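Got a structure for you, questions after.
Letters A, B, C and D mark the chains in the order given here, with residues in each chain numbered from 1 onward.
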């Protein structure tokens, strides 16, 4: 038996559409979410935010708490980062997403962010899933890089079972034997999920590809296959990024990507 | 050190374009290749061929020798299948591809087919690779479902090192832990290969998805990401197909797929 | 650069030996840890504990909090389970291990258990790792079923970097394409880890095999390859177990396993 | 339905025992097969053969045809290698195994070798499987590094269905995300295969580990878990080996390995 029910399309045939500050996510729409991987400073954040807004992004990304493989790496700006994001939201009129790592920080992050993110390493952190479920805020749930589609929807069910149906699924690549990319983007997961669940599903071409050159091609594939949006790392100066600079786009590269993606969306209407 | 040289873009920066009976494969073009997985009868083959030609396919697929997991499964019509394919080529004006399994059959298959295919299970069958290399005929080389990109290009090098540069690479999905699809289409392999090799690379959405519903979405992703073509199973009566019926499209489904793919290609020009 | 330092053998060439209530884990010793997967009742726990103690196990396992794929499955007895475990410890003179899922429960679990376990789904839950690190109690750290050896040792480093060097690594199988077992036991990880880290490393043959028939063969392999111990599910009535009954051994099967394991350990001295 | 029948234990409950020049493979026995990966010269072969025979190996390994990832690597001595192996067989009284790559070489290799090997890259080369099946000679069938147990037994069925029941299965590691070893030895495959098939199954600790340090631990695990034997690379001068030197044992290392393995086998009787 599948480990989910509330998020299944069986009892809920129509698409879920989540509306945040006037932006619709799900259904027939396509929404670009973009910004720096980690918030590093006001300058870095505001330059990115202005650029992605201008190019057509409608939601701002930027993290204040980062999960790192080594305890000695940069761990994020914490609450200060959230304050900068909240400022940027007003200036550029974009709701923002921020990751939460610790169940004890959920209320803090939720007091600032419009959308909470549960990252790939925490997809099976059921304690955290329940806690973000309780807030009622929209939640971006990244697929664990080693999770099956069924386990991913089971994790969404943990959130939904707390009374929170506003889950946005993010396909961001899975771990395989192939090493020419950081992870293998499982692009087929988009139609697979849309068939069995009513939740919106978007694609993260930045973390799966892991290299700047691959981000635009993967974003085009996401638009063509029917994803509800994309989540893209953009940084004004990728070579000095504190986290994942190799995969961040320059503002002008993001604008070119958006032109192609818009053309595909228009062609398929 | 990478196990390839002749197929690398390093010493051969411009794209290879392979021309077969007036059809160009590679460069800026996009070519649909379609037809039944296995040739079963004249009727089945001709109905498929007519339908795919009409929908815009330019190359016919159809196998006469099939590699099967069980020795007791249908193994293909053999030479009779090749004769039917050669007939269909003339009637519908489409060059055709056919798989070869045995180095001792290479001359036979090459005497009929326009393009030889080396299948996923034989990607590391170096004896067979050398033998198809010697024919000088264009070769479709499917990625082993467990091969890295480097190993795949190493296999292409075996063909090229026999003096045959006409290799068409086919991404058809890799084996991963995910079971919601037959294999996981590694869509990122398309830009990865185009970056390091001058060979054309196409996508097989049928064998990777393994289910009819997934073929059109995956084909759209292939067109958007920059593949040089697609390879699609089409059958007039999939429920009675002797091989892989679950993934075969009906002729009308293939026509709808082609309309979307053409729209994407046009939008990106 | 490897994401660990304190747990590396480079600066700490001799094996770490962790002593808990007179039981040494690490170095040249071999310790069997056994008991029910989940504590269900006093009867079930005490019957298991008595049997495994008699057969030679020196540490009791039994969980009070269980991470489950579905939010609707049995989640464990909670504190009541810990109280039963603490009672069993005194009666059978065995220190016990219990899993902790939530950073807010760390103090509670640590107030009862002799060893805290971080499970496979939480291996990259850095918040939890830091919290168990702060307690100073020995921690069993299961390898994430999708974690590389380097990531696993990086997770151990998170615990060690809080000043807690008492980490026991548990190899419990990784996720691969093979489905004849629940996970693929990466038996080579034992010598690989012993080469680069000074921490004790044990094997869980129950969760990797996922079937009763495989537990004893895998336990023998663990003893022969040089693991510091094994972690085995034993249940007086596996068919009625609330969690993972298919892989639990009957007490008499565990006794037979121990006889073989002891013979191997003796033969290799 | 499983793709095998003749090799299943269902209709053939007792173990198959294959006797070659007085050496029994299968049943309750344990046989070490060892020698150089590739035959390079009489000296190299004879020094290895003498050493492994003295340490207790009963079957000689040594290949004359090697499948290589790059067409430009050393491909083996060909027939000259087979002649040297046949000479060594008489001098040291050991039957020998040699790999065959090309269906057109099967008769040649079979005219010299006592056991034919089908390598991991050719496990799904059905043409080759049928051809070695027709010889009636014992066949060592390596598991494809990406094959499931069912596919592996399906490949054995191809051989058996030609009337040749003398198949020796070799577990040699599968491809996974872990990179600390060359492949991940699926040690659980030994009891899994013994449960469903009557064929002998041995373990290759050299090609799975890929590093000298891991060979002895993995061989001990193989003996303890119930394999019918091991297949080990031994070279008098590994640093100068033309193929896979990093995993070859020195003669004295092999002797130490054999002492441990013999102790385990004796302890479990």
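Throughout what follows, contacts are C-beta pairs under 8 Å (C-beta built on N, C-alpha and C of every residue); 3 or more make two chains touch, one makes a residue touch a chain.
Small disclaimer: the values here were computed from a predicted structure and weren't measured.
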Does the subunit C and subunit D pair touch with the same residues on each side or with different residues, judged by whether over half of the numbers are shared?
same
Could you work out which chain's C-alpha centre is the most distant one from the centre of subunit C?
B
From the mean C-alpha coordinate of subunit A to that of subunit C, what's the distance rounded to whole Å?
34
In whole angstrom, what separates the CA-based centres of subunit A and subunit D?
48
Can you list the residues of subunit B that touch 2 or more other chains?
146, 175-177
Pick one for the touching-chains graph, please: line, ring, star, complete, other.
complete
Of all residues in subunit A, which touch subunit D in the complex?
175-177, 179
Across the complex, what residues on subunit D touch subunit C?
146, 148-150, 174, 176-181, 184-192, 195, 208-209, 213-214, 217-218, 220-226, 260, 263-264, 266-268
Residue ranges of subunit C in contact with subunit A within the complex:
3-5, 67-72, 101-104, 121-122, 124-128, 130, 144-146, 151, 154, 157-158, 161, 175
